[in-house]
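Just so it is clear, A, B, C and D label the chains in written order, and each chain counts residues from 1 on its own.
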Amino acid sequence: MKKTFLEGAIASEFIAESIAKHQSKHSIGAHNIFLGQVRSDEIEGKQVTAIEYSAYEEMANEKLHEIRESAFEKFDLTCLHIYHSLGRVKVGEICFFVFVSAKRRMQVYEATEYLVNQVKEQVPIFGKEIFENEDFQWKVNS
Amino acid sequence: MKKTFLEGAIASEFIAESIAKHQSKHSIGAHNIFLGQVRSDEIEGKQVTAIEYSAYEEMANEKLHEIRESAFEKFDLTCLHIYHSLGRVKVGEICFFVFVSAKRRMQVYEATEYLVNQVKEQVPIFGKEIFENEDFQWKVNS
Amino acid sequence: MIKVHYFGIIAEAAKSEGETISSPGITLKSLIGDLTEKYQLDSYEFQIAVNRKIVKEMDGLELKDGDEIALLPAFSGG
Amino acid sequence: MIKVHYFGIIAEAAKSEGETISSPGITLKSLIGDLTEKYQLDSYEFQIAVNRKIVKEMDGLELKDGDEIALLPAFSGG
């Protein structure tokens, strides 16, 4: 089972290491990366300062396995990686990292979009938007 | 005029720094990154070991400026960055880095794809595929 | 024993992340009915997973020892 | 003076990255004709840029002092 969940924000150094690890794979010609960054939305006059993520990890990991398999069936990919934060991620920080690699570039954009949408729709992850005064509301994906 | 051309391969640390610089922009919710990596193609029994890039830089910079403007017109983006190597880039190394950021994710994949295709089609960059024995051939984009 | 998990706004309403329930032969429908009453979940929308699979149709589903139930509000990852 | 730039396989054929040519009143067409003959470029495909813009139609284009010409083979960035 590949590891998806990371505690806290996803550091840019972690992303750099993931990229560097692929430099030994000489059949790869194209990478596409999606990064979700916590946005400082204003909701009814209150400013979001962080999102706190929780997940039903056992089910999420099973679902992520299915999503990975389906992406390899749909698209001609060399490899793919999905990472998502758990716990508190502050505005401006990265909470979601999808990384697709392929021989040629044609399908990488669509594959990334597919994976991002599948994770958002199918994987039991729950985000709590924290406001300045520690008030909060449960996030609903749009 | 924004700087696009970098001497040699694009380091994963440079990519990490570019990502980190966007963490102060709290209106951004989604990034999409395309990376072109030099592939070890086999051409008539010979293995590509590197690509040596040259460019008509003055024209390329004018063209890149137009491409950037057109992308901002077509897509709802917060910012975008395009980097391309000059000189020799070895197999497995990154030669092309397109970085798109937006409030929401909807258009980022298409915007990246547009930029990648525009650069490949419109910008006077020339790649020379170097084989093991220092033999070479001029690259033709497919 | 049946393990029940609560997530997100449901965990908040139940003031708990889960509990273990012993009700031999209970149906999913009556278990959910009991929990909805106990924690006043009427106004919440949630899906139900049994053994980590979303259940579309509760009718006729009898729970057995070791089953893992989860009450899942709208997903909001990413 | 007209500045001429060669790139990629054309630079290789010309064994040069460019040169400065003094031919007052020369047309683009005859300049390209001269260069094609000088460097035997008949078998190469290339586009022509005048002052960093691709020229689709050479006919009737008279060059003036300070113009910058480039012979550009197929682009292969990325």
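Going forward, a residue touches a chain if its C-beta (ideal position, glycine included) is under 8 Å from a C-beta of that chain, and two chains touch if they have at least 3 such contacts.
Note that the structure is predicted; figures quoted are calculated from it, not measured.
Hopping across touching chains, the smallest step count from chain B to chain D is 1. Across the assembly, the mean Cα position most removed from that of chain B is the one of C. Chain C and chain D, compared by their mean Cα positions, are separated by 74 Å. Centres computed as Cα averages put chain B at a distance of 49 Å from chain C. Each chain gets one centre point, the mean of its Cα atoms, and the points for chain A and chain C are 27 Å apart.
Among the residues of chain C, those touching two or more other chains are numbered 78. Touching of two or more other chains is recorded for residues 36, 105, 116 of chain B. Every pair of chains meeting the contact definition is listed here: A-B, A-C, B-D.
Of all residues in chain A, those touching chain B in their complex are 12-13, 15-17, 19-20, 22-40, 91-94, 103, 105, 108-110, 112-113, 116. Here chain C touches chain A in the complex through residues 5, 7-9, 11-12, 49, 52-53, 68, 70, 72-78, going by the rule given at the top.
The residues of chain B lying in touch with chain D in their complex are 36, 53-56, 58-59, 62, 84, 95-96, 116, 119-128, 138-141.
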